[in-house]
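Across the two complexes that follow, subunit A remains constant while its partner is subunit B and subsequently subunit C.
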Partner chain A sequence: MGLGLLASRTLRSSSRIFHNNGPTTHFLRTITSTPDLNNADASASAVQQPDLPPRNPVGGARVHFPNPEDAIEVFVDGYPVKIPKGMTVLQACEVAGVDIPRFCYHSRLSIAGNCRMCLVEVEKSPKPVASCAMPALPGMKIKTDTPIAKKAREGVMEFLLMNHPLDCPICDQGGECDLQDQSMAFGSDRGRFTEMKRSVVDKNLGPLVKTVMTRCIQCTRCVRFASEVAGVEDLGMLGRGSGEEIGTYVEKLMTSELSGNVIDICPVGALTSKPFAFKARNWELKGTESIDVTDAVGSNIRIDSRGPEVMRVVPRLNEDINEEWISDKTRFFYDGLKRQRLNDPMLRGPDGRFKAVTWRDALAIVAEVMHQIKPEEIVGVAGKLSDAESMMALKDLLNKMGSNNIFCEGNGMHPNADLRSGYIMNTGISGLEKADAFLLVGTQPRVEAAMVNARIRKTVKATNAKVGYVGPAADFNYDHRHLGTDPKTLVEIAEGRHPFSSALKNAKNPVIIVGAGVFEREDKDAVFAAVETIGKNNNVVRPDWNGLNVLLLNGAQAAALDLGLVPESDKCIESAKFVYLMGADDVSLDKLPDDAFVVYQGHHGDRGVYRANVILPASAFTEKEGIYENTEGCAQITLPAVPTVGDARDDWKIIRALSEVAGVGLPYDSLGAIRSRIRTVAPNLLELDERQPATFSTSLRPEVSQKVSETPFTPAVENFYMTDAITRASKIMAQCSALLRK
Partner chain B sequence: MAHIMLKKLKVPANSGSLEEARSRTFEFFRMCCRSIPHIMEIYNLYDVVTPSQLRSAAAAEVRKNSNVTNPKVIDMLLFKGTEELMNIVNQSKQRHHIVGQYVVGNQGLVQDLAAKDQDTSNFLKNFYGSNYS
Partner chain C sequence: MASSLRRIATHSPQAAAWRSSLTPICRQFASDALVEIKPGEIGMVSGIPDEHLRRRVVIFSPARTASQQGSGKVGKWKINFMSTQKWENPLMGWTSTGDPYANVGDSALCFESEEAAKAFAEKHGWEYTVKKRHTPLLKIKSYADNFKWKGPPKTAE
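Let's look at the complex of A and B:
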């Protein structure tokens, strides 16, 4: 190469830099790429160009380097990007701020690499590579926007659309369909299709998932989800070539409690929600970011509503709680919000029938009766769906009336509210992933908290953690050892006589999870003492690790204990003359005297109403703003998505109004004021979306002399699909209970 | 007759000052008062309302905007008032419109005149009203 040629090349490249701050950049890059790229020096100098505007990673992603030496540098469209070793080309592109189109790749599932949509050009590679399956190598030069990559995508798109029906106008996925969006962005503007499209027989996957299998593009996301996350080997791929289809092989329903998530991960309209089918279009829905309260996990959800009606519930991403999945109960209970609702204040007449009255009359009667009864005979029960504000107001009202008999259902009559570490999940839900041995005591996480179970399954799958289970025969979707059915087994483990104690002893981060069903047992203190002994002997509680967990059942439990809803006497129901049920349907009223006056404040005509004398209609959690604390001690807030039904009022407002009518006015009349009252009792409830760990460990507890009984543990949740007033009113949940319960 | 005059009514030019607007307002109110006997006649309102009650209803409508000081806004309100009056006089409305708007008023048919809410707080009054207030 002559000196003159070199000089002219230098000149040219410098002049390129000079010209490079305008719309001509793209033009120059496209046209002159080939000669430049054949020359390593020139392409290196092209990489060094400072002209490219900075880009941000897709979705604000951040890269964590477990080991700084393992960082490698790759070039994406000319940008140098530092990534840890082992990342794929697609992940490197995401870090560089380039979103690669994809169908089969999903960050939480294994890599299949069969859709070929993510093809990119890599320098010195003879063919375009599937970026989701190709590991990034040091110095790799990735090009995502070249004619070769575009042509590859267009070709893949054409093949996918060849057998995809043109039924977007009647497809429920329309408007939020990956195939639709990507064919708009990367597809060809004309088709060469002349033959017949193939058709596939629809599969019956149960009452929740609707299938239109002709729309399937065989990305196998649902197959991988079912086997990897849900832990059921129900779905699979049948046939080869054009006869390939997803199915269950034999006629079989999908019996996972997480099956609804295949609706979200399906990139096309092959798997859609059956209850939502043909009900609404996604662009006419209003999304409200809220919290699920049907179990104690507090999954983050988005409530999609149209006018006064909740149309569907979809998950929101929260890595610490539910990742991006939700259970079927969370996703499909919403039709219960339309049935059995209480919409007017009602009074039971002498003939035993309810008669609608005005709020004025209803409150006046309740206030009058309340004053005629001795303070110690007044009892308040908070239901499992109560928010912290209304529980605070109820406790304040009863205390002002002179009674201290208030509790939250599910917490039992002797709740331990003194040490917060004794009733929350101390590791946190995401902290379970660090564990390498689990001991489940009287809890069936699969039905009590499906998202916690998914987390345990993830851990077991990733680290082969050992799981021991003490309790009644239960269904698990991971390897476990059934150690026994009664608390005697715990004593054996505590004394080191049981084979499982060596597994616990050898574990680095052992976790013990006690189910909240134990709260209702007579020998609750002894069981907890035994568990604590196990913890002490196996190094479960250390300064850097607290693996002693309680898995709660209901959305209100943790907040109730934080607010100190503890009954003064454990026989309060037997001696009560006035019972205030705030949405409490599962508390046993059999022993209640017949002449007791029962007020039911709630949103559904459920079990509590049968015994009630007065009904005060309240709003459901989709209609009010309320703080709920989940089982790991993270306070979160629900937001109103739809208006209240009929003449219903928010829970705390009813209690505030009643207090004034009764002449014991509570000193707050706004949500802000009631929250500052909560701040004086349990300030952790106001630290929203942030887990507040317990300060003291349970080792401060006094010694217990109680002995464990031989009564076996009982299941805390009999029917996963129907646990509270809303889910019991839901038709879909009833269908699920009939078809899917094992 | 007032109502015949009304039919030929033209929208006047803008008021130059607050004084002019004020006098126009009075003129408008007088016009309303003058057309009340005719309104009573054509809508057959004798058994539900007296002319003086209708006059107070009209005065209340005017007083609703007593805080307005911008002559342009007053002109606009006068225009709307005149239009309404014209609609009534031309019988573009029906009897229930008049009864609903000017005889029964905003309170509705059920008028809670009880004194029981006298010493309650605003919170309780709002609570009885609706969930959203």
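Let's look at the complex of A and C:
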């Protein structure tokens, strides 16, 4: 018996003075130490208590019963639970509210069963069983809290710690490390190992993931993540026994848009974030639960800040949107929030240079110019990152000035804002998992919406769904058939002349995803008409299934269309004399007349600023509260995590102030009031965290006489890592684009 | 060791008896003796500056840390004061704040249920919104899936 065990035994037996030995019920959900060996029969009789308090599944988990008849009952520590047949013992424990310690098991990866930390005792089984890999059988009596289970785990822990360095004080994982946590429960305070600890050469996985491979405990979570979720077979296990290493064999960067997630799934500090290395300790950070707006997925994130600075971004669970992953762009763009920020209102002088002015002066000038210009020559452009409130305010302001030329970049000049089903993802992101055939039209989900791509990949892997792709040559991490590059292919599929049409026809739940890049095409209506014909011929839209989807590109697009940001004339930029850019950097201003007056309101000195006459500094999405709607029509809210820089203000406040100075005061002066205004236009935007499906299907759309053109589809996103003002300002993203883009 | 001590504290009958003998006294002072508290009153009588009586807060249930398995802190409810009045103090580089609630929400207020958090916010007269809690979905997983036949091998393209 080890010294540590002996010591704890002594301590524990002294603590038994306070225990009464009668039937006590201990229901601690977490990893707990057990009553010691001598007490075993007392605890066994204790668990048979009749009036057991109800227990909740770990983390409030919901249990998915694919087939309600197939429920079985097992007993976890004497507590009966109903679980669907086929679940593992570990999952049964989870349903019973007992969190089993684990290293290799991850609920979203395949089961490896190689760490042995999850050992539990099962009645009538001679040895402890690895609960993660053992299917639960009806009537099984699982004991998670017995001396045998505890001793087994202590043994596993001792072996793991044998070769684990004593790095915790300098390890970035320290404080949020599973090994650290579990060694508090099962570790001994001294080891019996007297040899040298092994050491492993660190691997270079690229600019995002830092490796300290000596810390690795060979759980293979990262290997499974890379091959199952990310779809890059880069990582692997080399060697055997104590020579076992995780690596890429030949030095290779991990080129996946999801590589950052291995940082989270690594239970120890072997894989940590390179940009975050030694920047902060996680207990100093304040977490703000917010959402990501750098693409249209609206991944749920937690913004960790220290003082006035965003230190890192980590994912937050949302089964419907991003599960537990986020893309590398979401995770690492945050350093862009500190660079190139606009912090004072500025005015371009006659010499072409900007000089800082006060808010009062800046607003007065803008208001004055705005009044001198004919209403139809005023144009407003909402940027990619605009929230619903500010778009509402901008639209109201422009309408009060008499102009109706307002649009959101990325939506094109003829957006279809009438039928909501024509611009959102009707299937829903999690709904994609039910599909068995995909037709991707002009969209490269891998770069446009990495989380949606992860879902498609998951589906393809699980059900062998067929994927057909029409568009420019692109990178996919699952099997697909490249059907063609231009819309003519669509017509062929619609008319049933194409070999892929039979695949669609035979599919039970076919899904068609049209990229938002199509919005900018001349023949957009014809493309959508062709897609609809395909849909009609293949039963894509049924009462119980809607497989017609549009995959949007930017966080603001869906809300903008919901709010009716549609320009009155498509030539409005050409004839504009006054352009209000609200964070719009990617709208083409080449055709803008030279004498036009441009106001740029935004948070970064990006492309929009080059042409601006006045700059009004606004706050970024990490600094304000704003509603964003994602591509599947789910409205979510960002919460402020850090203060704004300099003199910047929230977008809607700037517009509200400008309206006052211009003498056309908007009738709201608080977020609550502006949201009631939104309620009159698009009430679905206020149903937060709840997907609002479109009510009418696209079949109501009028006939289109337009013909599809021969022009091939073009990629909508040139560089995955740099799509908007924040990511373009980020140094990490610049490194990534230099190193990781193939 | 710590956990067995904790167990004593929470589960030993002595402690329970002590607590139960104390509870009626507390009750009496808390609810029976005083008149009913109207929304916002607690805030007014507790000397909180006027500008902080009307605050917008968000009630939420923190998600599990993605990098940790432990669920001990999951399921609690917290109040986010959305306080951003912070700046770096030019003297030492430390963070200063102008908001008395800046550190209250994250570190000090923790509720067992959504209702408790709402009641607290109401008592203080804060205007609150509640964020939906996201919970995981447990689906059947099996070790045998690793060896499932997944169709004929794909030909490399």
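As a convention for this text, the second predicted complex is superposed on the first by the 686 of 742 C-alpha atoms of A that agree within 3 Å, B and C clash if a C-alpha of one lies under 4 Å from a C-alpha of the other, contacts with A are read in each partner's own complex, and residues count from 1 in each chain.
As a working rule, contacts are C-beta pairs under 8 Å (C-beta built on N, C-alpha and C of every residue); 3 or more make two chains touch, one makes a residue touch a chain.
None of these values were measured; they are calculated from a predicted model.
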Have a look at subunit B and subunit C on subunit A after the superposition and call it: clash or fit.
fit
Once the shared chain is lined up, is A:Gly665 touching subunit B (first), subunit C (second), both, or neither of them?
first
Going by the contact rule set out at the top, does A:Lys653 touch subunit B (first), subunit C (second), both, or neither?
first
Pick one for A:Pro315: touches subunit B only (first), subunit C only (second), both, or neither.
second
For A:Val717, using the defined touch cut-off, is the partner it touches subunit B, subunit C, both, or neither? Pick first, second, both or neither.
neither
Is the number of subunit A residues in contact higher for subunit B or for subunit C?
C
Touch test for A:Thr644: subunit B only (first), subunit C only (second), both, or neither?
both
Give one of first, second, both or neither to describe whether A:Arg302 is in contact with subunit B, with subunit C, with both, or with none.
second
In the overlay, answer first, second, both or neither for which of subunit B and subunit C A:Arg360 touches.
first
Nearest Cα pair across subunit B and subunit C, whole Å
7
Which positions of subunit A sit in both the subunit B and the subunit C interface?
643-644
Can you list the residues on subunit A that touch subunit C in the complex?
8, 11-12, 15, 18-20, 24-26, 28-33, 56-64, 66, 84-88, 91, 94-95, 99, 101-102, 107, 110-111, 113, 132-135, 173, 176-178, 181, 184-185, 263-267, 286-289, 300, 302, 306-308, 314-319, 324, 464, 479, 623, 625, 637, 639-644, 671-672, 688-690
The residues of subunit B that touch subunit A in their complex are 116, 120-124, 127-128, 131-132
Touching residues of subunit C toward subunit A in the complex: what are they?
1-8, 11-14, 56, 58, 60, 62-72, 74-75, 80, 82, 84-88, 94-95, 106, 127, 129, 131-146, 150-151, 154
Footprint of subunit B on subunit A - complex, ascending
358-360, 619, 643-644, 648-650, 653, 656-657, 660-661, 665, 669
